[in-house]
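Structures for review follow.
Next, two complexes with subunit A in common: one pairs it with subunit B, the other with subunit C.
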Partner chain A sequence: MKLSSAVLWAVLAAIFLYLPFSGSDYLIGIGLSMLMWLALTQSWSVLSSLTGYISLGHVVFYGLGSYLVVVTWQQIPLWLAIIASGILAGLFAFLVGSPVLRVRGPYFVILTFGLAELVKYLLMAAEAYMGISSRLLFGTPDITIIYGIMLVLAVASTVLLEGVHRSRFGHGLKSLRENEEAAETLGVPIARFKRTAFVLSAIIPGMVGAVMALRSTYFEASQAFDPMISINVIVMAIIGGGDSARGPLLGVAFLVLLSELLWVEAPQYYLIILGCLMVLFVVKLPEGLLGWFQNRRRRLMEQKA
Partner chain B sequence: MSVLEVLFSGQLLFAALLTASVYAIVAVGLNMTYGTMRLLNVAHGDLVMIGAYAAYWLFTGLGIAPLWSAIVVTLACALLGVLLYSGLLKNLMARAGGTARLEANSLLLFFGLSMIIQNVMVSVETATPRAYQYLSEIHRFGGLSMTGNRLAALAVAILACLAIAAFLRWNIFGLALRAVIERSDAARIVGVNVEQVHKVSLAIGFGAAGLAGVLISMMEQFSPFIGFSMTIAAFIVIILGGLGNIAAGFGAALILGLLETYGVALTSPTLRSVLLYGVFVLTLILLPQGLFRRRLGP
Partner chain C sequence: MSHLELKNVSRNFGGLRALSKVSFDVRRGEMLGIMGANGAGKTTLFNVITGHIPPSSGEITLDGKRLTGLRPDQVCRQGVGRTFQIVKPFPNFTVMENLLTAAMFGAAGIQGKAAAHEHCRRVLEDMGMTRQADYPARELTLSGQKRLELARAVCTGAEIVMLDEVMAGLTPTEVADMSNTIARLHQKRKLTVLIIEHVMKALMNLSERIVVLHHGEVIATGTPDEIGKHPKVHEVYFGESR
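So, the complex of A and B:
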């Protein structure tokens, strides 16, 4: 078990380290998009898988990060802008965290969606007021550099999720997922824990958004805050299932390949399949593929015993 | 126009009333399904979209006037509600047990359904907005001028609201429905057939949404993506008005209609979404107790 997961991560690291040297822009592109979704989904899980507060607005951090890089382009050093993007996203989460995290269940889901849309429309109105419809970036770094930064972010996100998952803090989060009142009675500082998890889950997507703005070389609020990004993240996470970093990995690999096949040719079919997967996993496999495998293994063991 | 002229224009008041009456019928459906089953149907607005397209097909294809097809579409959407309940929701709810996590998951389920509905419609009809001309002659009353379709829509919407209110107030089944919204488990004990109530509330809710779609299609253009903003508007209305409180819901719809119409008129149409989502986020954040008191209370 321990060994197999170590082997899994080693093989993955080897593949992703090799990709930029393959020389194929297509492969690097796919690798980059996998790393991007991995970083986003793992960071989403820090709040949403561990606490059960399912956010449908993860894209807001991504969009804010993108915007910061674009606005400060060629005015401050790039590394500083990327770090600042993470800080901005974290700060935003910190500020809206306490009122937003008081709202529970389905209301939280729909509130996070509404909040992300509100920020998107506010930014669009502000840009329109300034007479800007889209912003272009000139002289962005080479794709291998972008790839390298994204690899670091994906690893950081995975380590973050695994770290939180195993920590005392993570157990606190999982306890409030099971029963918030009981956790509070037993002395888990739920308000502070939720807010910390929210901030932690916001920082990396901010930086991911910053890096992806370099990749697309332009910024338009409706694209950088596209709610489809949040939806993809959720579907990836629920396909994988589980609390640990291995679940999202399955979902990410599956959906990136599916979108490679369908997105360009027939986006509406991709979206229909995405919707069907959402329904299927919520109704039939709420524990995700990982949970399903584990249940199966447990049942087989019980049969043997 | 000066600010005062905007505020006192009868034209705007009429527009606000019309928006409000459409929101009211969409919201009353969402309120009933949420109130009785505690399932937050974010695909509710997509039924409005389906209703709009159905009226468009019946009118352009078969030449059936939307005011007649309104009856057919309402019944068809009601049937859809019954089928969805028997086919999917009944089993889901039997398993759910009502914990917060499953509630959040059920929202994802409806979100998935919403994506399926929207994109199937995109495959069938493309994403290009549609519209048709129906009763577009202009009537003048003093300084007011309004098209026939808007007058008809307002009349039908108000009638539908009154009919639903009367059903809940005086019909014995309406009473059962209110009882389930109030205290589901207690209603079961005193002999209310809760499953039957769920089914009827879905039928009425879905039918009302379909009807709203027909009315919208008479007045303005629509695309496969109009659903979500409808859901959001309906959601604001039921939070403001209070869960299960149908009469207050009508008042809340009026508030939102006035707020939206006058807000856009005083600022600019680009701020419509900012206004809608702003009100939405603020109501959710500022009124969380209002939302949960009923559920957690004794």
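So, the complex of A and C:
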């Protein structure tokens, strides 16, 4: 690792480790929200950035995790419920992976979106059938504990993406993103690799969903499976750009801070500005903030030379 | 013993018989040309061998082991590499990154990055492409991309390399260059080469033996000289019968 990025990660670690001791609920809240988006976006990137299979249904894992924690609340230990949430999400990805990953491009986008909505409505129907409209959680842990677990998940997600990105497995994923048929001809077992990436990208959001259910202290399918969560993840990844863990980090920091500013100053404009930003980035900066920084640095180096 | 063997391989597309009871064998280290007009079934033949299209019937074996029924990635790991007529580079990868995929996942199966790099560097050297190692593949000329396809197939560590029109669309100088490269790789790396080519002169010069396909059937097999004089080949190509 280069010195500059080591320093960057150290500073970040220091900030996030300091926040829970700041005593400000507002700051802890922002920190938690950043960590949550970070964990979601990094895990999304394991499949979608590296293979180019853009999932618009990442929230399905989050929702499943939330649901599992809520139905097992005070029946099994919390740590077990959180781990089980990750396993449930991974298992779900494993089961639906083979058929879903057969379609590419826009079809995959629509299919993942539809799948997440399908699970949401199935759960809503099941809950309505049982006569439950929303579930409440009593006796959830303190926010600093929630923050601590989320910090672990965000770090795990970052390490996962960075590890896969640098590995032989990651090289195979990027090859199939470039040209699936050529990758297969050169010996990449594409079906198995895509499925493995899908499962890896599902586990952490399952656990994130579990933890966020503790934060909100209630469960409602329409919120736990809110498609805006999936969309936000994509926007953050696109604004960040790149294959490595640094891109999502930039995108998350940028959007969370922006939304905080806007909630204070002009909450009604948040979605409008989000839409404009999205267009701006796709048209003007398709490689995201990370690509923009790297190009600038390259140009400065060239000027010096 | 034959290295690669095809026994009564057929492939239908609906009512069309793209390959009809094709049988031939390839000896280890041989350079075998495959000739035929457009639509004769040459590329289908390649696709059937590499597992991209399953044969409707028949059997293909490599050193006695069945290849039929394997997926393309499995065939590749058995030691069969190929190029595509319409090039399929990884456009946003550098030339070296393109080759690394082949070295790490193909029959060579090199796990370590440093060792894989070294392996690919040697192939680039053999092909005279060392200077392009860090070029993005999308910036290569057509000739460069065709050479990259060839380099990738070799980097998989394949014993058999199948070349599908690697000279199509190249200038005469580039064709000569490519011919030399293929001959050099064939000798130096003791490769078995199957080559489909429309550039007749290159095919005649390179091949030790030629198989002629016509409407999915093998109509002649022999040395370039024999094929040049074969009455059936003349009939098909020039419409004359002697």
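Note that in this section the second predicted complex is superposed on the first by the 291 of 305 C-alpha atoms of A that agree within 3 Å, B and C clash if a C-alpha of one lies under 4 Å from a C-alpha of the other, contacts with A are read in each partner's own complex, and residues count from 1 in each chain.
Please note the rule applied: contacts are C-beta pairs under 8 Å (C-beta built on N, C-alpha and C of every residue); 3 or more make two chains touch, one makes a residue touch a chain.
These numbers were taken from a predicted model, which means no experiment stands behind them.
Visitor: Output check: A:Ser175 vs subunit B and subunit C. Expected answer is one of first, second, both, neither. What do you get?
Guide: Second partner only, subunit C.
Visitor: Scan A:Leu118 for contacts with subunit B and subunit C and give back first, second, both or neither.
Guide: In the superposition, A:Leu118 contacts subunit B only.
Visitor: Quick check for you: in the superposed arrangement, does A:Ile54 touch first (subunit B), second (subunit C), both or neither?
Guide: It touches subunit B, and subunit C stays clear.
Visitor: Using the superposition described at the top, determine whether subunit B or subunit C touches more residues of subunit A.
Guide: B
Visitor: In the superposed arrangement, which partner chain does A:Ala221 touch: subunit B (first), subunit C (second), both, or neither?
Guide: neither
Visitor: Touch check for A:Val188: first (subunit B), second (subunit C), both, or neither?
Guide: In the superposed model, A:Val188 contacts subunit C only, not subunit B.
Visitor: Name, in rising order, each residue of subunit B that touches subunit A in their complex.
Guide: Within the complex, subunit B touches subunit A at residues 40, 42, 88, 92, 100-109, 111-116, 118-120, 122-123, 232, 235, 270-271, 273-274, 277-278, 280-281, 284-285, 288, 291-292.
Visitor: Mind listing the subunit A positions that touch subunit B in their complex?
Guide: 52-54, 56, 99-100, 102-111, 114-115, 117-118, 121-122, 124-125, 128, 177, 180, 231, 234, 238, 268-269, 271-272, 274-279, 282-283, 286
Visitor: Would you tell me which residues of subunit A are touching subunit C in their complex?
Guide: On the subunit A side, the touching residues are 168, 171-172, 174-175, 178-179, 181-190.
Visitor: Under the touch definition given earlier, write down the residues of subunit C that touch subunit A in their complex.
Guide: Counting only subunit C, the residues touching subunit A are 50, 52, 71-74, 76-77, 81-82, 84, 88-93, 97, 100-102, 104-107, 109, 111, 113, 152, 156.
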